[in-house]
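Each of the next two complexes has chain A plus one more chain, namely chain B in the first and chain C in the second.
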Partner chain A sequence: MKKFSVLFLLFFILYFLPGTSYAQRFPKPEFDSGHVQPPTLTPAPRAEFLAWFDVLVLIGSLSAASWFVIKKRSRKGVFWVSLFALAYFGFYREGCICPVGSVQNVVLAMFHPAYIIPATVVIFFSLPILFTLFFGRTFCAGVCPLGAIQDIVLFKPVKLKPWVQTALGLIPYIYLGLAILYAATATDFVICRYDPFVGFFRFDATFNMLFLGGIFLLVSLFIGRPYCRFLCPYGVLLNLTSRISRKHIAITPTECIQCRLCEDSCPFGAIELPSPVKPAEKRETSVRRFILLVIIIPPLVLAGGFAGSMLHENLASVHPKVRLAKQLLIPSKEVTEDIKVNIDAFKTSGKTVNELYAEVDGILKVFYVGGWLLGGFLGLVFGLTLANLSKFKYQPDYIPDKGTCLSCARCVDYCPVKPENPA
Partner chain B sequence: MDQQDQGNKIDRRKFLNNGIRAGIAIGVGGIGYGLLKNAFSGELVWQLDASKCIQCGRCATSCVLTPSAVKCIHVYAMCGYCDLCGGFFRPETKQLNTAAENQLCPTSALKRKFIEEPFFEYDIIEDLCIGCGKCVKGCESFGNGSLQLQVNHKLCKNCNQCAIARVCPSEAFSRVPAKNPYLFKSFGNKKPVNKPVEGDE
Partner chain C sequence: MIMDKKPTEANVKLWKGIAIFAGIFSFVICFLIIANYVQINRIDPVNVQTINALVQRLHENPGDSLLREQIRELDLLARKAYFTTQWQIRTGGYMLIAGVALFVMALQVIIAARRKYPVVSSQLTESYLFNQKNARKWIAIGGIAMVAIALVLAFITHNELENNLLLALNPQSNQEPVPENKMSLKIPDDAVSGSMVGNPTETEVPDLKNKSQDTNDNQNSAIDTFVKNRQTEQNPQGATPDNKKAATSETNKIASVEDLRKNFPSFRGPGGLGIAYQKDIPTSWDGASGQNILWKTKIPLSGFNSPIIWDDKIFLTGADSKKKEVYCIDRNSGKILWTTVVNNIPGSPDTSPKVTDDTGHAAPGMATDGQQVYAVFSDGDVIALDMNGVRVWAKNLGIPKNHYGYASSLITCNDKLIIQYDQGNGAKVMALSSNTGDELWSTPRKVKISWASPVLASVKGQTEIILVADPLVAGYDPETGAERWTIKGVTGEVGPSAAFSDGIVFVTNEYSKLLAIKPGEKTEKLWESDEYLSDVPSPVATADLLFLATSYGLVACYDTKTGNKYWEHEFDNGSYSSPMIAENKVYLLDKTGVMHIFKAEKEFEAVGDPALGEKSVCTPAFSNGRIFLRTQNNLFCIGS
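Our next item is the complex of A and B:
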């Protein structure tokens, strides 16, 4: 019993000795029995060559998907490629690495040179864009695991009204803008944090994220690929590049006979119907409206930018430093346990409050500029979408809308026209 | 006339599309090249600086994995092999045995092994460890500080943005070169800190 009390006294003294927390309080033991201290276990990270193997798999599956879409025109082929991608990039690689999230890495690397972006991530970002430039969104059709998991549960697609589709189609631009803003300010990687399906891939997530993922899958039963069409920020980039793609899936292998069989075949509402022979209104009216809508784009950009800059403090409050500065201002009575940990840690860090405030001031300035840019960008997108609505393009056939078409090749099975015999 | 007009129109569109396509290809390639120039200097992984860690317990709850990829790792070379281990026993423990009520670890992940009088060795059962840092706090307060929290790279998914780094109050998390992915503390490398004055709110 005496031994204990001496030891406790010793601990008591040591505990309150200031600044000695890392002194060697107890000497290194000398073993008589010849016992050897085991080494410290330091498990190595995943080997780098495996990341290059991922790149090979990406190239392989992109090529396979493009070949099945463009050359073979085979829905079955695309489906099996997408199942493979779901198994590999989804369940085996557990959702990371993915081109959708790589947008943020690229932006972070552009604005913060100290962050060294791995070469494989750059390739994961650019390859699907380059493939889309030549073959349409074959990445979405066959390689994206997030798309595949929604696609395989599509049970009974419901057609959405065009205006609903156009309106919801604006959300990805907002999401992309926010993701870029937060990546450029090194605040957070929102796309990854709010990825609804990564929890399924890992069989592990918070309840909220699993719940969100469950809702998305439930909606996917009836509305084709809701995440891809109405949220995916990478889809915005692919949508824009796909519009000028060199080749693109066509519903009919030769010439459309207007049989209307494919009319309802697209679960994503991406088939453009033939335009009526005579436009519903006079050319002058639509041209005048188009000009009017183009003229209001600059004011929309300015208004968006102004609104964005007004919101910059709200946007910035996600940043950990801004959050901490706010917490320091909370009256001590209202401080919760959780916030107290942050405040105490800050007080022991040796930084003064003024230094923090100066830093936060800088962050807020960056967000002010970012708010202008984000708002302006959204104003521009909104204006262009409006102007596009009154654009009249004459086309006689059933064709896929190159921007929103996900190249899933469902429609080709509905076309009764047989390809011309090459012989 | 009409036919010809349309032909010209399509050609113009094709020409424009080709131009834009080439532009985007060059743009994406340029961005890629610019970023790739120093991309081969080695990958980065997340790690927490053990000398900055204050054992708040958020590593156990904030990781995207359950249990957390942050584990207690024992730096045996720093251990004093104490009988009365501040990391193993609760502070008010009267009897130094492995009874559950004496143990600080909520999951009994710390294994105590008799070596020779008066030395005991403490091993961490990795599968049981949840990274709460209770033992680390005990060891740092009463012992040599040989128990340390570290990101276990066999488990870590190396998320784009570490979910723990976002909430770490002492900003201990950073991206470190994958070639040298552990940040242990050793005797004497603790930076001087301003201790908070009691009641200073």
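Our next item is the complex of A and C:
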């Protein structure tokens, strides 16, 4: 422990020391004398081989995390991999490129052929999903820097009621739907813009984003990984993939002896408790309810689609061109600097207002269709979730919920069953 | 980890100490960062008051090299201070991260030390059925709430943007026909601007009889009619049945046509049309060397209103948030003859409304009828003074709800003071009695806030007040305030006032259109263009040519009847001042104080670009042989 502490301290000192000696520069003043400012030089882009190096590091980290989770069943190992991931993908690479945001790149590439998605981004998107397909959510366990930063501040986990978790667990679907809509319409990458932790990784963000990140970290002290469980849109894809994963972490290495020691081991509420032999309600009741809930799925899809289509103008207001047109047509009383800059930029673009308005008209039509699809998707998700909540499945053991389990391997240490000492 | 070797008690104590130290350290650093951040946000290194004051002095004394050096040093200090603070925040950020990391690590060690072995809870967990039921309930509630919120939001916004887009892209389909009862004007036999053929399409050009060749003819006819109407008690042009009587007999002597042309009674000259009738207007001067600068007078309080002139007196207003003043300056010597403080007005607010720096509290131009001068300010105070500065009457119109600041200039017509009061809290145009300030009429308008000014024009022999705002261009009877015609077409935050020539009204606004409108029984658009648009300078027209200046330096010349563009020319700097036409030359003052003088012809021909040496946003005023230019702090008289 002492060695570890010393190493840790050294690491942080060495990391932060260079940051205190940045050279100071200030911008060129504006000259009235006719002095011509030399052209601004932009820094060269990052070397391409480094992007491939990141891919290698990703593969290495995923492999290590999967090995620690599935083979070694070592919480310590997972913890160290996650620290490394926090340092490398978080602070060194400043949170970009990350698989969580890469969803948007992929969607943008699908809907806009002019956008050429780099191969490394495709790999960042698909590799964690591939590993999840084989080993469960080992990416969440030990590679995602967003999860890691929340994990290390989890001091006093408070268990949420299962029904609260289930209800809140639908928010990532909404976020994913919105992120896809905005990426598909080339409006914005909302996942990246509203990443609460990237400000810490970059030591730079607006006050609001730093404040939001701070709130998330404060909440993370007590509620395990709130962003991962109740917001992460990429987690939706991992959740669905993990349910059909070939291998998954098990609490017990052999057979469960129902000792109940692991009941409180998961701070994320991802352990399925054994179900009673006899269900507490009549089968006919539950079947009838299930059928009813399945029948209402199509109306829910329609209702959701209709509501989404009605909201299309509000949804489209995020688009910068729509905002500009709105400001020109319906000027707001508060003219912020941001608005002034956008209007000045438009002035110099050479476009006429009619061209802008025609473009915005087209964008609104796209959002109308997008609103239908988003609302319909959410209606489907809600409907399927409700129907699923009527199903009864008997299972006698304590097992991780394959969808929501983050494979952090905290539970394995609670199980008294050892491979060499079968029950 | 739970099975790992636990730290010893001594270690735990050490880590507790580290945790406390790291926690306090992080808290202090966090506090300092926030304090620094607040400080850095308050100070703008490129807008320091001390430096601004010195720069002002440098503008007045451009040769002072010591002052120049002092400014450079202070500027460098301000920038260094700013970036030092930034560096402090950044370094503080690193230290905070280090402190927090240490704190977290210490806490992890302490928690690991305190971890107990798992104990099977004696409490029964809630049944899965209960959890499922509750989950279904809350998911259903959440889903219904989301749909309800979506529908409510959609209802509230009511496709506002789409409707406005439709209007903007298809303005023709939204043209409001003028009700018949408002258009019962008879066309007079001696209509000065030719016959008006009602054309159904906007591209056809109406036939014109007696087409005037003189540049100023149409303006003359407007003034003629306007003066005729003022000087008679009956309306000789076949007025509408519901027209009220013209000027009352107890009014002051009304200025004649010659008087109006000899003077410069309002913003953009007589009628606000942008035409000056003065002669021998200078075309060259140089502010730096003083060539042809006859005098320069410092105006105590700044304002963006343009000067007006009557006889040998120039009138201006100036104001800040605490004080409002009217100044009278001698035309020949530049001496301030009198200053009247505007205060003690019943209903005047205790605090001035918030205005932007580029509008100020004294943006509207004054007006005079030769007997009295009139001024209005950002807080709604309007005052009438005699030519010696003695107060005649004053009242408060109510604080105009205007996010930039009230800017519409005044104009007089007969014995009335016309005020365009298009504000957020109820738009209207009103007429006050010149003698008493009593409200003679007030016509509400369904328009948004406008910064344009009223213009007087002769439409079918009748004097009309022409106003521009979003979304209407309208003409009003100055005697009754009745709306004679209206047409939709201009959107946005309207700054430019209308131009008028030969029976055609020209309006424009940035991000909207340039429109030529033929008012009449069937008001229609003759032509439109969206190539060059103005957000501040008002256009000006002669019989055949329309001149449009923009705030980004481009000037264009169009055919008034067809909209055909004859030429365009780009100057280095744009203008906020409106172009004026005098002696068949266009005078356009740009923001840097350079006057671009070019011929009012179908081909661009520059006459001169004399520089004042000071920035200006005001429109020039003219008297014979003289031009008067107002800058931020001074009034210049230019002449040979």
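Definition applied: the second predicted complex is superposed on the first by the 358 of 423 C-alpha atoms of A that agree within 3 Å, B and C clash if a C-alpha of one lies under 4 Å from a C-alpha of the other, contacts with A are read in each partner's own complex, and residues count from 1 in each chain.
FYI, contacts are C-beta pairs under 8 Å (C-beta built on N, C-alpha and C of every residue); 3 or more make two chains touch, one makes a residue touch a chain.
The structure presented is a predicted model; accordingly, all values stated were derived computationally and were not measured.
In the superposition on chain A, contact is made by A:Lys347 with both chain B and chain C.
In the overlay built on the shared chain, the residue A:Lys161 is in contact with chain C alone; chain B does not reach it. Touch criterion met: A:Leu329 reaches chain C, while chain B stays clear of it. In the superposition on chain A, A:Thr42 makes contact with chain B only, not with chain C. Contacts of A:Gly60 after superposition: neither chain B nor chain C is touched.
Of the two partner chains placed by the overlay, only chain C lies in contact with A:Asn314; chain B stays clear of it.
Legend: residue contacts after superposition of the two complexes on their common chain; A:Ser33 is shown touching chain B, with no touch to chain C.
Using the contact criterion defined above for the overlaid structures, shared-chain residue A:Pro118 touches chain B, although it does not reach chain C.
In the superposition on the C-alpha atoms of chain A, the part of chain A touched by chain B in one complex and by chain C in the other spans residues 19, 22, 24-27, 29, 347. Residues of chain C touching chain A in their complex: 1-5, 7, 11, 15, 37, 46, 75, 79-80, 82-84, 87, 90-91, 93-95, 97-98, 101-102, 104-105, 107-109, 111, 118, 120-121, 125-136, 138-140, 142-143, 146-147, 150-151, 153-154, 157, 159-162, 164-165, 168-169, 403, 424, 448, 491-493, 511-512, 530-531, 552.
Those residues of chain A that touch chain B in the shared complex are 4, 7, 11, 14-15, 18-19, 21-29, 31-33, 35, 37-46, 48, 51, 94, 96, 101, 104-106, 109-110, 115-119, 122-123, 125-126, 129-130, 133, 188-189, 192-193, 202, 204-205, 241, 244-246, 320, 332, 341-342, 344-350.
Across the complex, chain A is touched by residues 17, 20-21, 24-25, 28-29, 31-32, 35-36, 38-45, 51, 54, 56, 58, 64-66, 73-82, 84, 86, 94, 115-116, 119, 121, 123, 126, 140-145, 150, 152-161, 163, 166-167, 169-171, 175, 178, 181-182, 184-185, 187-196, 200-201 of chain B. The touching residues of chain A, when paired with chain C in their complex, are 1-2, 5, 8-9, 12-13, 16, 19-20, 22, 24-27, 29-30, 75-76, 79, 152-153, 155, 161-164, 166-167, 170, 200, 203, 207, 259-265, 273, 275-276, 279-281, 300, 303-304, 307-308, 310-311, 313-314, 316-317, 322, 325-326, 328-331, 333-335, 347, 352-354, 357-358, 360-361, 364, 375, 378-379, 382, 385-386, 389-390, 413-414.
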